[in-house]
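Same chain, two partners: chain A is paired with chain B first, then with chain C.
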Partner chain A sequence: MEMLRAIAIGLPLTVLVTILALMIGTVVALPIVAGLRSRNRLVWLMSRGLVDLLRGIPPVVWLFILYYGVSIGAIRLTALQAGVLGLGVVAAAYLAEIFRGAISSIPKGQWEASSALGFHRATVWSLIIGPQTARAVVPAYTTFAIGLLKDSSIASSIGVAEIVFMSSQYARQSGEGIMVFFVAAGVYILLSVPLGLLSRHLDIKMRKAVAR
Partner chain B sequence: MNNLVDVAIQYGPTLFDGLKVSLTLTLLSLAFGLPLGLVFSFGVTARNKTFRYLSVFFVEVGRGAPALVLLQLMYYGLPNAEITLSSMASACLALTWTTAAYSAELIRGGIQSVPPGEVEGSHALGMSYRDCLRFVVIPQGLRIALPSLMGFAVLLFQATSLAYSVAVPELMSQAYSIGSSTFQYLPVFIIAGLLYAGISIPATWLSVFAERMLSRHL
Partner chain C sequence: MIEPTIRTGTPVVQVKNLAKAYGSNVVLRDVSLSVPEGSVTAMIGPSGAGKSTVLRCMNLLEQPDSGEIEIDGHRINAGRKPNPKNLAALRRSAGMVFQHFNLFPHMTVLKNISLPQERVLGRSRDEANEKSMELLKRMGLADKADQYPSRCSGGQQQRIAIARALALGPRVMLFDEPTSALDPEVGVEVLEVMKELACTGMTMVVVTHEMAFAGNVADELVVMADGGIIEKGEPGQILQDPQHERTRRFLRAVLER
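Showing the complex of A and B:
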């Protein structure tokens, strides 16, 4: 019972870190995608370099840099802030690549037709390319979200009291390590099931909306 | 900036030793994990129930649970079952599990995309089932799976940074111990990050290059 309690205490933080990092990642990814699609060589090179650097360095290193290394005046980030921010910017790089891929999967004819019909750029994005991109992005986006759920465990390394942190503390106190980690693994697997179902539901709904 | 150079000169060799441990851990996990992944990739669709359930269990847990949970399970959990491993051995075991689980799915995807005509052809030539797998299906399937396996190897190399939590003296734990004894956290972690990036970015380019080379005939 003690064991389940420890995991239950950690659960809300795991979910919170995942959701906040996903939100930061999605928002920050948008300007990066714009940069990756830019025709200006310098802007393109900088965004490409940013994405490669963010993805080339393991998330733990980013969290440690933010948590131990960054101090703005007397202000230091709390473990939760550093965890969310670090996982968020790494997520932004991966999501930017996912968004870029989805946008380039839209047939060229869609662009040509909308400019032949004289639509404004904003209209093209909001009514033609945007909705189709959203549909193309759903499967990869949810797969990434499930991966991020598991990566949120990395926040335990800087002391965010989520599932892995609580389980490892319990394992050291009680000396029963096998069960608690198997239960923690089970909780992660159970958490990713509804995400997978949601993804399939959204995919079917959006396919219907397009009605081929 | 000066600080960064000083730290790099003074602690470079220690960090480099850590990097060697990270690379060793990556290679060992790949060496044990990939053959196991090949076995599991057949196991998840095998007709033998025990073999199938065992494979599904290892693949689903290995992919569903964070690598950090597996690492801690091996290091803090196994001693309860009277099995005490060194930190390097337990990290290796955990990452082998992760590698086997992910590569099983990647290899299965590759093998399934071998055209059925190839199998029919080898039947028509009177090849035994084993020879058909050994000489026709597996070589082609592995070739299709190769770029994604290389991509996974890069992620695995990054995941070895989690092994610091079970006291493996790899790059991240070297950086952390230098940081906590000198309070030069920022420069040390930046150098560690650059070392990771210096390996994983070119390795990613290599996997993209491999993908282009192998899909040239398509």
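Showing the complex of A and C:
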């Protein structure tokens, strides 16, 4: 019972870190996508460089840098802030690539029809390209979200008391070793399977409506 | 070269000295064309001749390197960056129908036709839907209003695309190989609609491989090859007695197969 209590205490932080990092990632990804699609060489190069930098360094290193290395004036990031921010910006790089791929999968004819009809740019994005991109992005986005759910355990390395942190603390104190990690694994599966099911359900539903 | 026979009214579309090249690959060389109001101009020629490029330059889907385009009084000079207002006005005057229809797959048929009216003309949803239904009825597709385009056949999708363009009340309709992606039998449905449209006096420019349509419906036939116009004039005359050797070769290839 002590074991379950430890995991139950860690659970909210796992969910919180995942959701916040996903939100940061999604929002920050948008300007990066714009940069990756830019015809301005300099803007493109900077965005490309940013994505490669964010993706090229292991997330755990980003967390260490943000947690131990960053101090803005007298302010230092808490473990939770550093964890969310670090996983968030790394997520932004991956999501930017996912979004970029989905946008370029939209047939050229959709842009041409929009131009020929005389739509404004904002209309094209919000009503033509955006909704079709959202549909195309669902499978890759949820796959990424499931990955992020598990990667949130990286935050345990800087002391965020999420599931893995609580589990290893329990293992050390009780001397029961491996058992608590099996239970933790079960909890991760219980969290990710419904996400996967929801994704497939959404995907099939949308495909039915717009199958080409 | 035969001079164009002006049949009716003032020109709705005027293209002057259009030229375009991708690097050293010249796509258009000095193309000039005038389309009188209420007339149907058919453009034929071998693939790669630049027919579609001329059509796509007319509403600036393709940016020519030089030349001048005027549709319904809205003039754009290819050398300079077009003024967005002028470009929008020019595009509003021209309805475009594509080879691959390019309907919006995530919207119902009705929404496909109504949305541009709402966004571009500022019509209310009810007004737009009323106009859309009227056009769908005319196309014989009223029962498809609530379907998604993917549930419609190619011929139906192309008629929906025509309705979508017509709904904006264009002065000229531009057709880019409207039947090339369709089975011959299905293509007939689309050609029927286009014939009817021609009868109502709509100004039309049609890039096509349908020789029967070019011969029977068009008022003027334009033959293109290698990025230039090699012959233009009365369709019957050109099809019977082509003046240019290149035209003869092309017509032999399409008519005697």
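The criterion applied here is as follows: the second predicted complex is superposed on the first by the 208 of 212 C-alpha atoms of A that agree within 3 Å, B and C clash if a C-alpha of one lies under 4 Å from a C-alpha of the other, contacts with A are read in each partner's own complex, and residues count from 1 in each chain.
Basically, contacts are C-beta pairs under 8 Å (C-beta built on N, C-alpha and C of every residue); 3 or more make two chains touch, one makes a residue touch a chain.
Please read all numbers here as calculations on a predicted model, not as lab measurements.
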Taking chain A as the common reference, can chain B and chain C both be placed on it without clashing, or not? Answer clash or fit. fit
Geometry row: CA centre of chain A as apex, chain B and chain C as ends, angle in degrees (steps of 10) is 110
After lining up the shared chain so the two structures overlap, which partner does A:75 touch, if you call chain B first and chain C second: first, second, both or neither? neither
According to the stated criteria, A:1 is in contact with first (chain B), second (chain C), both, or neither; which is it? neither
Does chain B (first) or chain C (second) touch A:127, or do both, or does neither? second
Touched partner set for A:135, first chain B, second chain C, both or neither: second
Per the overlay, which chain contacts more chain A residues, chain B or chain C? B
Between chain B (first) and chain C (second), which does A:118 come into contact with in this model arrangement: first, second, both, or neither? second
Looking at A:110, would you say it contacts chain B, chain C, both, or neither? Reply first, second, both or neither. second
Going by the contact rule set out at the top, does A:61 touch chain B (first), chain C (second), both, or neither? first
In the superposed arrangement, which partner chain does A:168 touch: chain B (first), chain C (second), both, or neither? first
Where chain B and chain C come nearest after superposition, their Cα distance in Å: 24
Common interface residues of chain A - those touching chain B in one complex and chain C in the other: none
Flag every residue of chain A that touches chain B in the complex, lowest number first. 52-53, 55-62, 64-65, 68-70, 150-151, 153-154, 156-157, 164, 167-168, 171-172, 175-178, 180-182, 184-185, 188-189, 192
Contacting residues of chain A [partner chain C, same complex]: 107, 109-110, 112-113, 115-120, 123, 127-128, 131-132, 135, 209-212
Give every residue of chain C touching chain A within the complex, in rising order. 59, 61, 88, 91-92, 94-96, 98, 100-106, 115-116, 119-120, 148, 150, 164-165, 168
Per the touch rule above, chain B residues touching chain A in the complex are 60-61, 64-70, 72-73, 76-81, 158-159, 161-162, 164-165, 172, 175-176, 179, 185-186, 189-190, 192-194, 196-197, 200-201, 204
